[in-house]
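Below, chain A partners chain B and then partners chain C, in two separate complexes.
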Partner chain A sequence: MIGRICIGLSFAVAVSLASASHALATDDYTLPFYDPSVPLSYGVDRDPRPCYQRDWANVLWADCNLHYGRVYDGHTGMDYPMPVVSPIAASRDGTVIDLFEGFGTEQFGINGNYVLVSHADGRRTLYYHLAQNGARVTVGQAVLAGQWIADSGCSGQCYGAHLHFEMRAVVGGRWTSVDPIFEKRFTTNPGRVPFLAAYLRESNSGSEVIMRYTTVTHWVEFLNAGGRTWRNNIGVGRVLLGTWNPPIRDSAFRAIDWPSSWVATNVDQSGVAPGAVGRFTFGLHAESPPGTYDEAFNVLANSLRWFDWARLGSFHVPIIVIANTRWGGPAG
Partner chain B sequence: MMRIGRGTVVLLLVLAASGCATRHGAGSSPTAAASPTLSAPSPSTRESQAPTRTELPPGFPVMSGAEPAKLPADVTVVARWTVPVVGSAAYDFYSGALPDAGYAIVGSYPSERAALIRFRDPAGQIWQLVAELIGDGTRITIQTDRP
Partner chain C sequence: MSVRHRSAPGGRTRLRAVVPILIVTSLASLTGAQLTSADPPPAATTKSAEQARTLGTAVGVVRHAGPGGELLELQLPAPRTLTSGLPATEQARRAAARLLDAAPSGDLAIADGVGDPQAGVTISHPDGSQAHVALNGVAGAAFAPGSSWLAAVDAAGRLWRIDALSGSASQLAPGPFTGSIRFAASGELILVQAASIDAPFVSVVVRLAPETRREVLVDSEEGFVFSASELADASIAVVAHVFGGGVEVRRSAGGTMVRMASLDPNAIDASLSDDGTRIAYAADSIVYLQDLRRGVARRLGPGQMPRIAHDGSSLLVLRDGKSVLLAADGSELEQFPTATVGWSRCEGRCQP
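Here is the complex of A and B:
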């Protein structure tokens, strides 16, 4: 329990510190993957001159060298190192307007396999170097921010497996790559992965003693450490607390207020912005015989993605069921 | 760190003549110690007063098929060679070979035309390995750490 709290709090503090000093974002893009440990390898070169590089922090480098974490000369997107076949997420709601997935890994070319998504704000996002047959969408398909759309790879011109994420906008009448970091296009600055939460606290020190045939109310609070706002009033993407280990498991402690046999509750608030705290309140009803139990839960963006359970401090509720001496039913 | 004597500039470069002469199987890693030296051009007197190159760390792994390449004037570049492969082969090789040889990777930065790996030698010094597309091969450069 202590370990869970320490992990959660330290992560929450780190996220808060990282975001505290930055300006407000202007749009609602998120990083196009789920693993928050993925660093930026190189960003967009905003200076068109050869061997002059202007990075996302507006630093000018008058050379042709690689500047790790910053920029390399002539780069049009953002490179993120990741093992092949890592899940790639749509950075924002949109429609898939083109894709190619026929190249094998290491087949040399330029961009390799890709998915191109058009967004309502007039911009487009590109996801390059994908795995062979790595697209999980089709042309014309509507996608939601954070939706798993492809698997990463190393197709095309690729010196080490990575995702090349590129944003394009019409500038001066033609499509031009733009820098989403410098333009603050992410919902947070710096950008965050779409779905991430950090454990903060819960009721009754995180465990429950339940008299058999009765119900108790439990709550847990998580920091929204991702880039998407949590909502409880939408279908796809609704943020809920579901059973875990294994997921979508019928719970023996389902209370009458649960939306289904494996969904304990939706997030309490109608909107939990990035950096805010979401609470999940749910009942736990004991039908089981007296004994010691453990119920594991994880947060799910409905039909999109389970959250990283480890980042939730491996959230679970130890439960002790005791005999009900007041109940006239079966002996406890 | 050993420094090269004034006016001398003989670099004990890693490179690979023995590694080149012998066919190694995939994943083999001849090392700097097993390779002959490569001489750099003699500097002028004035240049000799400038900072000198340091040596490549001993036992540094070298890919099969490596051919020596000319060093630039920049003395922070301590070794350079080319290998007849393109793509991520060099990056993948060094991602495994560096830790195996006792060099801790402190950062990996792949991209389209080049990859950079920052690594720490057993003495604690941080270096950079740059693998970049040159023609139909890959040029490997070892240099001291820089932003």
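Here is the complex of A and C:
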């Protein structure tokens, strides 16, 4: 049987997300980071009046108090607490149009470090309170959804390390902060990170017993628990299954159908929407001497980001190679 | 602005002559919306000199004569802000109360703490008495000409008029304004107004007449204004990050803005001499002094928060939590054990 370090967690994620699979599933904006456990601490105040607050769930408070998890008065973005120097991702494809990274990572003041991205739909996203020299992009650079663009910090008027993520759109002729959570632009509320998968099942949940010099076919299914559609027909961002521990390792069990020495397969379907199930089918070919082996795999959005292996159920395939008694080659 | 979180463990410098209508409209609209605000004035208290001594809030002042003018070294009450867990350089920034401004009358405006959302402003008078206003965070403050009142911006970006004697405050404008706050010789305020205090860009420079509360747009280049101040020739100098580009210094000239110099793309904490010929700034924790006429930046060594003397002949910097007085060539003239040292305008009248 294949051991699963985080099978319980995977199951829980799968169940909770399966129940939300009816939700809007589009390639829209995603949460601008990778860790799905990061909570929303304060969202956008959708009521412009002082001491009136309307949150992403359209709840109105006629006060100036802080409402953790919801909103505070006058807030123009979404705050996500995270340690300094956490990776920040582009929320959608776009072009970097401005950045500043000169303030200290935790330098308090009115002004802080930021990256500003323009998107094809005319909106802009702002990533604020970033680390000193924390931008991983340059002005004018095209970025892809889910691309690591910056490191978080606590620069500016910041009382605890977090990301201030803000979406701006031209409303009534002027740039205005809008609320992507209220608009359901994150696939689900309060949102999905770009790349996340949860283990569901595989063709053989025990050890694959492979007769030496032969090939068996194995498949595994993962729930697309992230906010991006998995595709197999693009270059950057193509979702594939690659060797892990260490990553990009030549596999001793590469079969003839593998695209490369470390890529077992691309996702089978041309598109796997958020909330849908993606299958990865690949061969395992045994050239190794008889014995017990273990091959670990992880999902990669090509050139962008490896998925969180633990949340993937630490997927690996135990393999037992047995002697080939039918083949006339050397014994064992 | 952002509140405390529970689980928190170079380029193009082309000037645009056309005012970006979107920015102006945005700011005007925001101001209009917030004018309906009925923010209550912050509480004010006063203490006699004896009360201040008894309560441990007395401010000690040591005057130092230096090249470029008089320096004030303040002995301040214990900080309100917790600094544990922060890097040493940032602790130095937040470690204590901060001198905001020194009036010619001898009054001192002191922020209770930096990075403290509850901090207010203490006004210390030459006789040792004090006034305090509970502003809820201090972004900046400056004494008005005549010293009878000071203008202060709180953490929410609101502009307050504070009586120097009583500490009583009334709101001058809702802003939001950033911490850059200066008075022109005419008595008008020169402020940086942002579309949002949470993420203060775009930001523009405005003149505000305190009596009429009328605002006039001075500079609206799309970007991220760090500071604005009036030079000796009454022009307005602006230090700003240019949208999509680097950091530059520009000044108003006949109704248009003219670029004076480009600084390091990571330049922060810029400080201009009164005549606008020299600017000190920090970039990646290195202090530079740049001659704006010749465009040459001299590297003065490690440090933060440079504050240039009014005549530009020397500058104060922070190094490892200490204040250091540097000559224009970078040589160290004097060292002070605390971060709370600032240039005086008291002309000998500051306490004691």
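The working rule: the second predicted complex is superposed on the first by the 303 of 332 C-alpha atoms of A that agree within 3 Å, B and C clash if a C-alpha of one lies under 4 Å from a C-alpha of the other, contacts with A are read in each partner's own complex, and residues count from 1 in each chain.
Methods note: a contact is a pair of C-beta atoms (placed from the backbone, for glycine too) under 8 Å apart; a residue touches a chain by one contact, two chains touch by 3 or more.
Everything quoted here is computed from the prediction, not taken from an experiment.
**Student:** Based on the superposed arrangement around chain A, label chain B with chain C as either clash or fit.
**Tutor:** By the criteria stated at the top, chain C and chain B clash after superposition.
**Student:** Would you sort A:Tyr34 into first (chain B), second (chain C), both or neither based on which partner it touches?
**Tutor:** neither
**Student:** Thinking of the overlay built on chain A, is A:Gly104 touched by chain B (first), by chain C (second), by both, or by neither?
**Tutor:** Touch partner of A:Gly104: chain C, not chain B.
**Student:** Looking at A:Asp79, would you say it contacts chain B, chain C, both, or neither? Reply first, second, both or neither.
**Tutor:** both
**Student:** Is A:His164 in contact with chain B, with chain C, with both, or with neither (first, second, both, neither)?
**Tutor:** Both partners, chain B and chain C.
**Student:** Just to be sure I read the superposition right, which of the two partners does A:Leu66 touch: chain B = first, chain C = second, or both, or neither?
**Tutor:** Both partners.
**Student:** Output check: A:Trp56 vs chain B and chain C. Expected answer is one of first, second, both, neither. What do you get?
**Tutor:** Neither partner.
**Student:** Chain A residues in contact: does chain B have more, or chain C?
**Tutor:** Larger number of chain A residues touched: C.
**Student:** Using the touch definition from the top, say if A:Trp230 reaches chain B (first), chain C (second), both or neither.
**Tutor:** Neither partner.
**Student:** In the superposed arrangement, does A:Asn133 touch chain B (first), chain C (second), both or neither?
**Tutor:** After superposition on chain A, A:Asn133 lies in contact with chain C alone.
**Student:** Tell me which region of chain C runs into chain B after superposition, given the options 25-33, 133-141, 169-177 or 205-213.
**Tutor:** Among 25-33, 133-141, 169-177 or 205-213, only one stretch of chain C overlaps chain B, namely 133-141.
**Student:** Determine where on chain A the residues touched by chain B overlap those touched by chain C, and list them.
**Tutor:** On chain A, the residues that contact chain B in one structure and chain C in the other are 39, 41-42, 66, 68, 72, 75, 79, 81, 106, 108, 110, 154, 156-162, 164.
**Student:** Give the list of chain B residues in touch with chain A in this complex.
**Tutor:** Interface residues on the chain B side: 86-88, 90-92, 95, 107-116, 118, 130-133, 138, 146-147.
**Student:** Spell out the part of chain A that touches chain B in their complex, as residue ranges.
**Tutor:** Checking each residue of chain A against chain B gives 39, 41-42, 65-70, 72, 75, 79, 81, 106, 108, 110, 154, 156-162, 164.
**Student:** In their complex, what parts of chain C are in touch with chain A?
**Tutor:** Within the complex, chain C contacts chain A at residues 1-9, 11, 21-23, 25-26, 29, 33-34, 36-39, 86-87, 89-90, 93-94, 114-115, 117, 139, 155-157, 178-179, 194-202, 224, 226, 241, 243-245, 247, 264-268, 283-285, 304.
**Student:** In the complex, go through chain A and note every residue touching chain C.
**Tutor:** Residue list for chain A touching chain C: 39, 41-42, 48-51, 66, 68, 72, 74-77, 79, 81-83, 97-98, 100-112, 114, 116, 126, 128-129, 132-133, 139-140, 154, 156-162, 164, 166, 170, 173-177.
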